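Common to both upcoming complexes is chain A, partnered first by chain B, then by chain C.
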Partner chain A sequence: MNGLWKIVLLGAVMAILLLFALGLKNDPREIPSPLVNRPANDFTAPALEGDQPVQLSAHRGKWVLVNFWGSWCVSCVAEHPYLIELAKQTKNRSDFVMLGVDFRDNPDSARTFLARHGNPGYPHAQDPTQKIAIDWGVYGAPESYLVDPKGTIRMKHTGPLFPGWFEQRALPLMQGEVK
Partner chain B sequence: MWIEIAHFSTLIALMLAGLMLIAPWIGLRWQRMVWIRVARQAAFMICALLTLASAGLIASFLKHDFSVQYVAEHASLKLPVFYLATAMWGGHEGSLLLWAWMLSLFVAIAAWKHWNTHPVSMPWVLSINGGLLLGFLLLVVFLSSPFERLLSPPPDGRDLNPLLQDPGMVFHPPFLYMGYVGFAIPYAFAMAALITSQGDSEWILATRRWTLFSWAMLTIGIVFGAYWAYYELGWGGYWAWDPVENASFMPWLTGLAFLHSVMVQERRRMFKTWNLFLIITTFALSLLGTFLVRSGVLSSVHAFATDPGRGVYILMFMSALLLFSFGLLTAKSDQLRETPKLESPWSKEFSFLINNLFLVAGACTVLLGTLYPLAVETLSTAKVSVGAPYYNKVFIPIMLGMLALMGLGPLIPWQRASLAKLRQEFLPAGIIGLIGMLVAPLVGVTHPSGAIATGLILFVGATHLKDLLRNIKTRMSRESLSAPGAFLRLVTRNKRRYGGMLVHLGTLVMVAGFVGSGLFQEERDLFLAKGDSMRIGSWSLTLESMDKTARRNWQADEAVIRAERPGEATLMLRPQKRVYSEHSQPTTEAAIHSSWREDLYVVLGDGVKDGVWAFRIYRTPLVSWIWIGSGIMVVGVFWAMLQGRRLQRRAD
Partner chain C sequence: MRHFPPLLLLAWLLAMPGPALAELRGEDPTEAMVRHIAKDLRCAVCQNQSVYESNSDLAKDMLNVIRAKVAAGEQETAIRDYFFQRYGDYIYLEPTTQGMNTLLWSAPFIGLGIGGLALWLAMRQWRKRANENVKPVPTHAAMQERIQKELDQLRM
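Coming up: the complex of A and B.
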């Protein structure tokens, strides 16, 4: 093997390894949504618990985390403890609320789910026919959207929210550090 | 209890793997043979321990022990017993244990078989495999342990991913892994040859069967995967150039290049560095396959179990291995003398060289296509995907080139051929191929690559047949045998050569399948209500009824479709849409009627409104030729493996 080939070979190996090293930081779950930076579709739907319907636009002026879930969804179980923790942690914030949308589900199983895994305490909209979910472009569960005080979707997260998500992803946006 | 036994055996195996890594060094450094023997015993022990560990994990599945996290995540009470046992490799943790177990098994076999015949290489082969085992077992024990217990065991598990509840998917991973892992042995022999500066043929002889075996397993694994994709995913295709499919295809290509180019080294003592490069690359690509599936750097349909944290570890492991291997190759390659030079472009050596260039170029193409989206995403914020059009554009010409070379194979002599001789050898086959190419458009194969492929299939078939007939004739006159007797004598005396020929024949059958299914697939999307009919090809299909059906852990909507065509018995096709009780995502069970001519393939879609359902119907000609061709290939490889390791002196 002459010198040139050696350099080419080792260079290619290093380049591929470097690419993987950098690539590990990518999140395969971050899939761009065409709806980001568009006005969120408003919805009014019966709540899972209580008689008060759930309406998105009622929360104008606050950041709203809209979490799509269902009792049939395995990853929602994994995500649930963090939702409970996040609800507790942000209970006293005046600029942030959480809403759940229980889609493709029947209310009884959803209530059983909350009874079994704990109830985070924020309202959940019922969406048995997936009307809201389809409008929002949801294609899996769980999926979460962050809506800004003007009613614009600012971020989409596919898959379970992870501990620290609020501090790492939501707060910078809310504080205007990320354009 | 079983899981503790499994955990404990794996821990001991881990320590023994460390011992196996260092003991040969000690033995060679201080000339203590006993240490090398210790490494060999360690190899056997590790194999026994990991067998026990795997048995323990499977036993936990069979006993529905949901206090084991891995079992709880990949099984349920309702899961049929067959999938219960094979759910061991349904997720990341268990499949890594399977990897390690297979490696330990192969290492043990190598330590037993090659101990006396390869005394110089053996210490290094043991040490290198000890390192590999150590790397994998560290991962299994510390980063992705299938032995974790749950503090509060659930009453029932989460069930196996429904897409994996299918025989095709059950066999796909173990065969693929056997292929990947099998290349570890030739790799270790190649590294031993580099370390001891004995790049001559010893390592090639030791590894011939290993490479044939691994390549056959890889072929079976890939075809199982393709078959699974074909009938389980419901999209009517078998290959999507998905990153993970590509990951198994790359070592297949380089492994195939290696199988061809070693022959040149055996006969002519050439391509020594190149062969080392090929086998190291093949194993590196096998590891890359594991890395791609398991790290989550690429999004893919195979993202059943991804975790970036483990990705970091696998990356470090892979970096160490790649830099060590290729570093050693560049450092030591100058010591390998290549005495003979290529004498003429009209020689077998040269055709093998071109064949290798095609195969390696193919592997590079796939590698580039696989890494490009990753590079774009890493270096910018855009997401791109490289789809089938890119691969088809680049890959089809490469495949056609390889086919053409395959036709030269049997008739072109070693070293040097005279042009007059070549003309005499190839003229008839060439004319047959040319006629085929010209006639193909008349019978409907109008696509240029289709016509070229048809011509080449005939050309390759003709050269192979000519070679076979000539050799039979020689045998008949030389040993006064009847034609069948001579044929039998021929193929049993030279299993290697005729095994190879059989592989070529299988390839031709497969290519015909690719051409038929790739160019002539008909596809219809339509809505049918009860009693509605439609036509596709010469078939007429009628929706008879829509039923509900259920089994232990799923329920389904099932359509009953009557398929008729003139002069043939009526068929009933029952495509289903299944929902497994523990999962929300429906899976499609396509109804497929397969024959040698074509497949009729019906997928049930969603109900649109009362009594009207969406259907997708394909008619795919010759698709079963792909499966049959791959079967012929595998039989051919096994036939070639039957031949002992002695070098063949003369051309037959």
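Coming up: the complex of A and C.
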């Protein structure tokens, strides 16, 4: 074996190890959404409570957190206390609103869910046939999207939002620290 | 079960797929198109099942979306693209051969080519070395004499 072959072999081994190292950093559960940095698909749907339909584009000019959930979803129960806290915490902000999309659910079960686990107070759109959810590339619940004031999706969060999510993930985006 | 002979039960079971098959044969073109598209799309929440085969709620609703789009006269490519725009190329059961995937598809063939080339070069070298080894080595005179002696003995 001459020197050239040794270098080629070493290079190949290094390349494989590098690919492994890169692969280990990936979260296999996280499927990248092609919707990030693209205009959010607008929706108008009947609200879970009240007669006023829920429309995304009505909130243009504000950051909108769109949270997909359902009363059938176990992780949503775990996420719910934080949503209540976040709604309370951001109530006085003029640049941030929250919307829920209750998908693949029946409205009565969803209302019972809110009565049992607490009502965060922001509007929820009804999406019994998953039309909005599919239009937003949703796989399961809960999934959340952060839409910027121009109506562009800036972030997708798969799974329950965790305490501190707003400060750690949303605020840096909203303050323009993350491009 | 006593009043229901096993043979009759068997006949009934065999007759079961009948209507389903007839439905497939007489399938209307819209539904055939829906099936064609849905078979290539991955049910996002299942283990390697297509939207058409899966019984999950998401797959059923996706099927309805496809159905509505086909009924509205949308083209196949437009419908496939609709899902691609939302779910990325993960949605296709068979990976696409575009962009970075081209590299992925061709990698085995490139690897095979490099391997073949390396093997050819190595074999050439082996053969060269083997040819060098074949060169006659002068035998020692004493040894030559001994070999000759033993050969003579054999011929006796």
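Please note the rule applied: the second predicted complex is superposed on the first by the 148 of 179 C-alpha atoms of A that agree within 3 Å, B and C clash if a C-alpha of one lies under 4 Å from a C-alpha of the other, contacts with A are read in each partner's own complex, and residues count from 1 in each chain.
The definition used in the following text is that a contact is a pair of C-beta atoms (placed from the backbone, for glycine too) under 8 Å apart; a residue touches a chain by one contact, two chains touch by 3 or more.
Since the structure is predicted, the reported quantities are computational estimates derived from the model, not experimental observations.
For chain A, the partner that touches more of its residues is B, with chain B and chain C as the two candidates. In the superposition on chain A, A:Asp135 makes contact with chain C only, while chain B stays out of contact range. With both structures placed on the common chain, the touch criterion links A:Ala21 to chain B but leaves chain C unconnected. Once the two complexes are laid over each other on the shared chain, residue contacts for A:Gln175 go to neither chain B nor chain C. In the overlay built on the shared chain, the residue A:Pro34 is in contact with chain C alone; chain B does not reach it. With both structures placed on the common chain, the touch criterion links A:Arg104 to chain B and to chain C. Common to the chain B-facing and chain C-facing surfaces of chain A are residues 31-32, 104. Of all residues in chain B, only 158, 273, 277, 291, 295-299, 303, 306, 308, 311-312, 315, 318-319, 322-323, 326-327, 329-330, 333-334, 371, 374-375, 377-379, 383, 582-584 touch chain A in the complex they form.
Of all the residues in chain A, the ones that touch chain B in their complex are 1, 6, 9-10, 13-14, 16-17, 19-29, 31-32, 70, 72-74, 104, 141. Contact residues on chain A toward chain C in their complex (touch as defined above): 31-35, 104, 129-131, 133-137, 139-140. Per the touch definition, chain C reaches chain A in the complex via residues 44-45, 57-58, 61-62, 64-65, 84-88, 90.
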